[in-house]
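Two complexes are shown next, each including subunit A; its partner changes from subunit B in the first to subunit C in the second.
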Partner chain A sequence: MTDTDPLVRFSGVRKTYGTFEAVKHLDLDIGRGEFVAIMGPSGCGKTTTLRMLAGLEEPTAGEITIDGKRMNEVSAHDRDTPLVWQSLALFPFLNVKENVEFGLKMRGVSKPDRHGRAMLWLERLGLKGFETRRIDQLSGGQRQRVALARSLVTEPRMLLLDEPLSALDAHLVIRMQGVLTRLQKELGITFVYVTHSQSEAFAMADRVVIMGHGEIAQIGKPQEIFRAPKNRFVAEFVGRNNILPGKTPGQEIVVAADRMQVSASDPGEGALPAEFLSEEFAGTGIICYFEGPEGVELKAQVTEDQLENLAPEPGQRFWLTWAPGAAHVMAGT
Partner chain B sequence: MRPSDIAFRLYLVALFTFVFLPILTSMVFSLNSDRFPTVPLGEFTTHWYKTAFSRPEVWTAFGNSLIVAVCAAALSTALGFVTAYTDFRYGFRFKPAYLALALLPPTIPLVIMGLAMLAWLGRLGISGTLSGIVVAHTVMGAPFAMAICRLRLSQMDPALEAAAWNLGASQWRAMRAVVIPFCLPALISAYCLTAAVSFDEFIVAWFVSGLNKTVPVMILEILQGNVDPQINAIGTVVFLTSMALVIVAQLLILRKTNA
Partner chain C sequence: MSKRFDAYPYVWRLPLLIWQGLFFVGPLILMVAMSFWLVRNYRMEPDFVLKNWDRMLGRDYFWNAYWVTLWRATLAGVLASLIAFPASYALAFRVSETTRRWAIFFLIVPFFTSYLVRVYAWQVLLAESGPINAVLGFGGLGPFTMLNSGFGAMVGYMTLVLPLVVILQTFSLAAIDRNLIEAAWNLGASPRETLFQVILPAARIGLILGATFAFILSFGDFVSPFYLGGSKPPTLSILIIDTTKSGQQWPRAAVVAIMMIATLFVAAFAAVGAAYGRRK
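Right, the complex of A and B next:
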C-alpha cells in the first residue's frame, strides 16, 4: 500500500431498491487527503453512494474498497467513516461534550482520555465553554460545529459529509465553508462531500463528481467542469451556461454566461440576434436573459455599468457574441 | 371577557363537575361519620380509613394489586416498546395487519376477555394465581404502551440511530445508548399508565383472580355484603393512586420534546 494508491475505490458498484436503480454503475477512486464533492440533483444517487461508503447501505453489485480492503460485508459500526448528517443527528438527550465523546465511548476509550480529547476538539472548533450546554440551547452554526467535532474526535482518515450546510443561513454557509476547507487542509484527511449546491462544491472541492440518474456524468476540477462540461446534463446542471448548436449537426457548444458579450448594434458575422427578456442580480454581476433564434434561452453576465449603458427594454433586440476560445464543444449529449 | 369565553368556561366547569362529582362525593363520604351517605353530613372522621386498613385482607389485596401492577406494567411497557420499535424500524408485508392486531385488545369486550383468559390460564394452570392476573393485565396494557412509544419514536430523527452506528455502536449498543434514552420519557409514561390500568382493572381480574383478590375485586365483595363507608375510603385511595400515575404519565407525554 503506497500513498499514491487511492483511499477509496468504487468498482462497478450498483444499488437497486426493488426495481428502482439508485446507483446504476459507479467507478470512482478517491485519493488520500483529497476533498471530493459529489454533486447532482436530488435522486441522482449521491446520498446512496455516501451511505454505501459508510456501510449504511450494502451495494447490490460491485465492490467498495477502503485502503485496498473489501468493505462490502463490513458493518457500519466497524468502519472508520464518520458522517456529518444533513439533519446533524445530534443526540438531544446528551449535552455537547457527551455528544462529542460518543464515538470514543463506543470504541472503549477510557473516561479521562475521552474527556481530554473531547475538550481538545471543542476548543479547536471554538466551542470552549459550551461543554455542558444542551443541544437545543445552541445556534445552528454551533450545532454544526458540534457535529463536526463529534465526527472528527476519533481522528478518522476520512470524513463524510451529507449536505451539512443545507440548513444554515447564507452568511453562515460561507463561514462554515471556510471552517471546513481549513480543517481539511490542516488535518490532511479525505473529505467526501455530498451536495446539490454548486457554489459549495466549487468553493471547497479539489475535485467535483457530477452525478445524474445513478451514474457519473463528469469528474474534474471545478474550473474544468464549469468551463468544459462534457454533456448537456452537466452544462444545464452547472447553470449559467448557454447551450448552442455547433457547426456540424448534432454537435453542441457551451458558452458560459460571463463570457458572452452583449452589443446594441449588429457587430457582424457570428453574432446571435436575441430579444431581451429580463435581468437578475446574482452577486457577482447581473445575469441578463434573452430569447435567441428558435426560442432558445440565452444568458449573459454583465456589470452594473454595462447594464446602465445598454439600458435594455423587454423585447429590445441585441446581439450576443463570444470570443472563439470561450466556446467549448461538448463531447456527447 | 367575551360571551363566547364565558360560555366556554362554564362548559368546562360543567364538564369537570360531571366527570368528577361522583368521585368527589365518594371522597367526601369517606370522611363523613354517618354510616349512610346522606345530607346533611355528619362529623369529620378518619374512622372508615382506620377500620378499612385495620383489616388484613385489605392489606393483602393492596399488596396483590401492587405486585400485579408493577409486573404487568413492566411487561406491557417492554412489549409495547418492542412492537412500536419494529413498526418504526422495519417495513414488511403484513405490517398493517400486525399493527391492527397489536392494537386490538382494548376493543375486545371485557367479559369476553375475562372468560377467554379464565379458560386459557386454566389450561396453563396459572388461573387463580397472581401470575395469571399479570398475564391478563399485560395483554390489556401493552396496546397503550405501544401507542405511547410509537408517538415518541415518530418524533425521533431516523438518522439518530444510524448516527450511533456510524460512530461505532453496534445495533444493541445503539439501542441502549440512543433509542432507549430518547424514548425514556415515553417508557416511564407508558409504565405509569399501564400500572394504573392494571391497578383499576376489575372485570378480567374478577374472572381470573380466584382467592388472590386485587383491590377492585375486594371492593365489590365487600359491597355485595352491605353498604359500608369503608368502600369510600378504599376507593379514594385507589383513585388517588391511579390518578397520580396518570398525571405522571401525562406530564411526561406532554413535556416539551426536543427531538
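Right, the complex of A and C next:
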C-alpha cells in the first residue's frame, strides 16, 4: 500500500431495489486527503453510493475496497466511515458532550480519555461551554458543529457528508463551507461530500463527480466541469451556460455565460442575434436572458456597469459573441 | 376596553368538567368522608372517628394484601414489558407497514370481548383436568396446579394488559427516527449496543407508559386474582369486596380504596417523572 494508491475504490458497483436501479455501474477511485463532491439531481444514486461506502446498504454487484481491503461484507459498525446526516441524527436523549463521546464509548475508550478527546474537539469547533447543553437548546449552526465533532472525534481517515448544509440558512452555509474546507485541509483526511448544490460542491471540492440516472456523467475539477461539460446532461445540470449547435450536424458546443459578450450593434460574422428577455442578479454578476434563433434561450453574465451601459429593454435586439477558445465541443449527448 | 366574554370554549369544556366532578371528585370526597363514619347495626352513620383507619392500617391482613397487590402489579408491569418487547420490536422494525397495521388491528380485537369472558376461558384451559394439562400429560408431565395460584392470577393480568403494552411499545418504537439507529451503527455501536444505548432511551416514554398501564390495571384488578388466583392470598380489591360483604363495612372499604388511589397517584407521578424527566 503506498500513499498514491486510492483510499476508496468502487469497481463495477451496482445497487438495485427490486426492479429499480439506484446505481447502475460505478467505477470510482477516491484518493487520500481528497475532497470529493458527488453531485446530481434527486434520485441520481449519489446518496446510495455514500450509504454503500458507509455499509448502510450492501452492493448488489461489484466491489468496494477501502485501503485495498474488500468491504462488501463488513458491517457498518465495523467500518471507520463516520457520516454526517442531512438531519444530523444527533441523539436527543444525550447532551452535547455525550453525543460527541458516543463513538469513543462504542470503541471502548476509557472514561477520562473520552472526556479529554471530546472536550478537545468541542473546543476546536467553538463549542466550549456547551458540553452539558441538550441538543434542543442549540442553534442550527451549533448542532452542525456537534455532528462534525461527533464524527471526527475518533480520528477517522475519511468523513462522509450527506447534504449536511441543506437545512441551514444561507449565511450559515457560507460560514460552514469555510469551517469544512479548513478542517479538511488541517486534518488531511478524505471528505466525500454528497450534495445537489453546485455552489457548495464547486466552492469546496478538489474533484466533482456528477451523477445521473445511477451512473457517473463526468468527473473533474470544478473548473473543468463548468467550462468543459462532457455532455448535455452535465451542461444542463451545471447551468449558467449556453448549449448551441456545433459546426457539424449533431454536434453541440457549450459556452459559459460569463464568456458571452453582449453588444448593441452587429459586430459581424459569428454573432448570434438575440432578443433581450430579462435579467437576474446572481451575486457574482448579473445574468441576462435572451431569446436567440429558433427560440433557444441564451444567457450572458455581465457586470453592473455593463448592464447600465447596455440599458436593455425587453424585446430589444442584441448580438452575442464569444472568443473561439471559450466554446467547448461536447462529446456526446 | 375589556374583552367580551366568550362562552364558546367554556361550553365545550363543560361536559368533561361535569363528568369528572360528578363521577370522580364527588365520590372521592364522599369516600374520604365515609372513611371516618361508623357502622352501627349494619347501618352507616356519619361521624368523625379514626377507628376505621386504625382498624385497617393496624392489621397485618391489610398490609399482607397491600404488599401482595403491590408486588404482583409490579411483577405484571415488568413481565408484560419483557414479554411484549420482542413482539413490539419485530412489529416496529422487521415487518412491512401493512403487516404492522393488521397486527395493531388484531391487538385491538381482544378488547371486543369482555375481559371476564376471557378469564373464564382461562379457567377451563388452566384447570387440573383441562386441555393444557392433558397435552402436558402426553409428554409425561404434570398435572400442574395452575388455577387458584399466583401463576393463575398472573396469566389473567397478562390477558388484560399484554395487547395494550404491545400497542404502546410498538408505536413508540416505530416513531424512532431511523437515522438515529443508523447513526449508532455508523459510530461503531453493535446491534446490542444500539438497542441499549439508542433504541431504549429513544423509546423511553412509550416503554415506561406501557409498564405503568400494566401496573395500574393489574393493581386495581379484581377479576384475575378472584377467578384465577382463587383469592389466595387476597389482594386489595378482594379485600374491599370482603369488607363490604361482611357487616356492611363500607367505611373500612373506603380506607382500603383511598390507600389504593394514593398508591396509584404516587406510581403514576413517579412514572411520568421518569418518562418525561430531564436527564441532568
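Here are some notes:
Heads up, the rule we're going with is that the second predicted complex is superposed on the first by the 333 of 333 C-alpha atoms of A that agree within 3 Å, B and C clash if a C-alpha of one lies under 4 Å from a C-alpha of the other, contacts with A are read in each partner's own complex, and residues count from 1 in each chain.
Keep in mind that, in the parts below, a residue touches a chain if its C-beta (ideal position, glycine included) is under 8 Å from a C-beta of that chain, and two chains touch if they have at least 3 such contacts.
Bear in mind the structure is a predicted one, so any value in this text is a computation, not a measurement.
After superposition onto subunit A, the partners subunit B and subunit C occupy overlapping space and clash.
In the superposition on chain A, A:54 makes contact with both subunit B and subunit C.
Applying the stated contact rule after C-alpha superposition, one finds that A:89 touches each of subunit B and subunit C. Applying the stated contact rule after C-alpha superposition, one finds that A:150 touches each of subunit B and subunit C. Judged by the touch definition given at the top, the superposed model places A:76 against both subunit B and subunit C.
By the touch criterion defined above, A:222 reaches neither subunit B nor subunit C.
Once the two complexes are overlaid on the shared chain, A:136 sits against subunit B while remaining clear of subunit C. Once both structures are placed on chain A, subunit A residues 54-56, 75-78, 81-83, 85, 87, 89, 91-94, 102-103, 105-107, 134, 150-151, 154 are touched by subunit B and, in the other complex, by subunit C. Contacts from subunit A toward subunit C in the complex involve residues 54-56, 75-78, 81-83, 85, 87, 89-95, 102-103, 105-107, 134, 150-151, 154. Residues 54-56, 75-78, 81-83, 85-87, 89, 91-94, 102-103, 105-107, 134-136, 150-151, 154 of subunit A are the ones that touch subunit B when the two sit in their complex. Across the complex, subunit A is touched by residues 177, 179-180, 182-191, 193-194, 197-198, 201-202, 204, 278-279 of subunit C. For subunit B in complex with subunit A, the touching residues are 157, 159-160, 162-171, 173-174, 177-178, 181-182, 184, 258-259.
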